[in-house]
Amino acid sequence: MWGRRAGARICRPVWESRRAMGTAGARRGLLGDKVALVTASTEGIGFAVARRLAQDGAHVVLSSRKQSNVDQAVAELQAQNLSVSGTVCHVGIAEDRDRLVATALERHGGIDILVSNAAVNPFFGSTLDASEDVWNKILQINVTATALLVGLVAPHMEKRGGGSIVLVSSIAGFSPFPALGPYSVSKTALLGLTKALAPELGARNIRINCLAPGIVQTKFSSALWKDESVKEKMMENLRVQRLGVPSDCAGIVSFLCSPDASYISGETVVVGGGAPSRL
Amino acid sequence: MWGRRAGARICRPVWESRRAMGTAGARRGLLGDKVALVTASTEGIGFAVARRLAQDGAHVVLSSRKQSNVDQAVAELQAQNLSVSGTVCHVGIAEDRDRLVATALERHGGIDILVSNAAVNPFFGSTLDASEDVWNKILQINVTATALLVGLVAPHMEKRGGGSIVLVSSIAGFSPFPALGPYSVSKTALLGLTKALAPELGARNIRINCLAPGIVQTKFSSALWKDESVKEKMMENLRVQRLGVPSDCAGIVSFLCSPDASYISGETVVVGGGAPSRL
Amino acid sequence: MWGRRAGARICRPVWESRRAMGTAGARRGLLGDKVALVTASTEGIGFAVARRLAQDGAHVVLSSRKQSNVDQAVAELQAQNLSVSGTVCHVGIAEDRDRLVATALERHGGIDILVSNAAVNPFFGSTLDASEDVWNKILQINVTATALLVGLVAPHMEKRGGGSIVLVSSIAGFSPFPALGPYSVSKTALLGLTKALAPELGARNIRINCLAPGIVQTKFSSALWKDESVKEKMMENLRVQRLGVPSDCAGIVSFLCSPDASYISGETVVVGGGAPSRL
Amino acid sequence: MWGRRAGARICRPVWESRRAMGTAGARRGLLGDKVALVTASTEGIGFAVARRLAQDGAHVVLSSRKQSNVDQAVAELQAQNLSVSGTVCHVGIAEDRDRLVATALERHGGIDILVSNAAVNPFFGSTLDASEDVWNKILQINVTATALLVGLVAPHMEKRGGGSIVLVSSIAGFSPFPALGPYSVSKTALLGLTKALAPELGARNIRINCLAPGIVQTKFSSALWKDESVKEKMMENLRVQRLGVPSDCAGIVSFLCSPDASYISGETVVVGGGAPSRL
């Protein structure tokens, strides 16, 4: 049973309502036997990405901050016959990052793919009011920890002859979300981090790209869409016909990690349903 | 025999030298029974895209300006058991655009995918010296004809419940190639055309995206890479480890036309090997 | 009456449109004795720019398509003791472009500054419905004629030891205005034209930059702001507190043409009141 | 004696070799009696900006980390009859930021202008090797401290009816400098910070813009230009005819703080001599 869970299909994409069940099944082997680390992957975008990488043939190591969430996500995906295991990882803690990498090496002997999705947003309000602690925490988790994790996995990818990395930024990195200033700024920084790392990683046969999702309906973003009138307004401003769902972000990540993307590096792909982003 | 031709593998991608033979075979069905028009598709990027769309299950209608080129490309792809036919089309001529569309409708009953790749570059020199004729010709073929072709196919896509369009721009649209000013400007215009069309097409369940290849080794771009010292210089400036090959552009186009990209519209993806492009 | 009105200085709101008369008085000499050509300059943004360049010390040659408009604009500015003359010029016509340049040379012996503001927009509707004629006309006037005019004046600037050029694009070049697709695309093309010309002109000691105004209240843009409810909506979408006025665009053009901008070339400056544009 | 120091004229701008002495003198009054804070302003870009704001009529409060540097810079500018005072300020330290603001309030009764130029770069090497301490320090000083300083001055500007802020980023924010990855990423973040703050500040009648200098010859950037062969290479890659000098950045900052820029907010202006940056 390789197909998507029925539940995930309730919210049908507008533009492709005829989306075939189980396209993922047909693609099995695309990432055959690659080992993939995905952070913040027990729900939302990270979970959808982890599932897709596994459906496409990768051995996936899931992670997030709570053991119970890890256990549940692993169980759900293993029940779909996917090669998935997990470990607790708070990306802001050095020991946790080390353990995440060690786990992948022990279980699978190497690392080929990293999807860095972990981000915090402890603040909602005027950017002018954000405290030093808020700024430090957001930049440390969303930017510094991302850079450090890349630095940690790169040598292991190099040993395997190369690899592929995807950082998860946000459309807010191009055009900040109101009331989410520090978060948005951290996502802008990731656009630059992708650019800064591309040549250095390229010399090691590792590609790095970036995903900038629009407003995707997850627990994380619920403040932006739970109220129906806020949601309507948002959709009008964004000029989109529906908000995104986590699985909208899964295919492009798998693509960017596949051989088909071998000449794409240093780039950010916006998945925003046509919302204004940039040229 | 679904695999790539051996000949195409002589120039191996640097970052993914372990690219599996026949990944395309495994993906058959991804674009199952979609009807795709690809302009300027008898060689170079267009040909690689046409082949890939067909490998992924589409019925492809090839085209370019010379009957002999069309015949040869169709024969080559049919010999690979791909569903490909062709017709002569000079995209700058209204009758030719009409015939291209009519051909697809007659043969396959509808149109689902358009890849607009046709472009001319009759000028190499200082932009300051480009004549009115040069400017008019380049803008008419590269921009106006593209817009008109989109306008022509959109109603047919709408009848099928939606569709997907990819315009082929260039990294020169972001950072102009020296001596190719008017061509570069026409490619910048396509970035805007993609943005302008996205909301209008979105309302018709049609997505439109744009591809911006870096320097890809084709007959078209030979002035930029045939001389070994010019090529070395170019690669250094671009900070890439190899120049692109046409097949580098094929996977992303197929992806953008697939259900996996259903929430991606109005975007430009750069395929430039890590060359500086934009944030 | 060159001095600032005292009243305007008591509380000078930053966003306010009640710009003081004659700040330029203090700056007289900044463009001392430079000769400036400004196209489409008998009203709106072009007129405001022409007036400002003259206030800052330049000899300005105004132009637009109707003799009566030229006469009126020249009279108005001469009544302010500014060094302004004019000539009819339809920038799409080669003879008119030649005459514009010849007029400046005859009257002032050379050309130092060009502000290319002329643009047409004969179309309002779905981009999908724009005809070949519409596209050709818009691209020919807004893009080709601009490039040709630059090519025409550059040698004269070179003879003077250098010069400065400003192309007037639009924020629509970054994020297209609804119902103004072809116009928006032509403005995107100007962003690329600026980039393409910068190195070539740089070698001749000529700088070129680009202005991207947001929605400025002119006769040209009246469809976007005349209806009060459309205007309210527009302002909300743009997140601005007022729409622009022509004089908002004048200071930056004068600045870009001044020695203070001697290290700024190839750049586009957005004057949009804080509306989302690009990073 | 309002003119620039003779020493600053050794490196003459290429495009405007006829730059008049003392243009600033003619502009006195443009920022008449405005109170301006400029951080990191005892040398390089910050010093050039401080001098220019003072030449244009502002009361300037200089600052940097060393008392002796502050004393020297203040003495030099006071000797030019400019209204300049100074205080020691390490922007990463809360007490120092408070004292900077308090100093301006005590001496001049309010704050109208903030130019945030302070930045550190304690790291030169592969981004992959940057430690957690390096990342934290760079982001804390270059991003967090900037945001906090803006938050600190905004209420004081609001009391005066509005104000203007300029953040100093870098062209490296768009296209990272090799070996300066973390620094470049912090500068990318400032592009987003400018965007995030613009609407919030706009509601308080405060504008915020951003400056992105190219490679400017300062002590700070000496690693990039001191070696003649590195410099030649750099200039070729940047396609510029000269490297920048600090005064190249002064005019645009003064302009952005002036009433002439009243409809410009949320924007970044690149001062890069025509180097490739972005559309």
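Note that the chains take the letters A, B, C and D in the order they are written out, and that residue 1 is the start of every chain.
Rule of thumb we're sticking to: a contact is a pair of C-beta atoms (placed from the backbone, for glycine too) under 8 Å apart; a residue touches a chain by one contact, two chains touch by 3 or more.
No experiment lies behind these values; they were computed from the predicted model shown.
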Revision key, fill the gap. If chain centres are mean C-alpha positions, then the most distant from chain A is chain C
Study note, to complete from the structure: When C-D and B-C are ranked by contacting C-beta pairs, first comes C-D
Review point. What whole-number Å value describes the gap between the mean CA coordinates of chain B and chain D?
Key: 44
Check your understanding: Centre to centre, by mean C-alpha position, how many angstrom separate chain C and chain D?
Key -> 28
Point to revise | Chain centre separation (chain B, chain C; CA means) in Å | key: 36
Revision key, fill the gap. Contacts with two or more other chains occur in chain A at residues 174-175, 188, 191-192, 195, 199, 276, 278-279
Exercise for review: Using the touch definition up top, name the residues of chain C that touch chain B in the complex.
Suggested key: 94, 126-130, 132, 135-136, 139-140, 143-144, 147-148, 150-151, 154, 173, 175-176, 178, 181-182, 184-189, 191-193, 195-197, 199-201, 279
Point to revise | Contact footprint of chain D on chain B as seen in their complex | key: 174-175, 188, 191, 237, 276, 278-279
Practice item. Please give the residue numbers of chain A that touch chain B in the complex, ascending. Key: 13-20, 23, 26-30, 32, 161-162, 174, 191-192, 195, 198-199, 202-203, 205-207, 214, 239-241, 244-245, 248-252, 254-255, 258-279
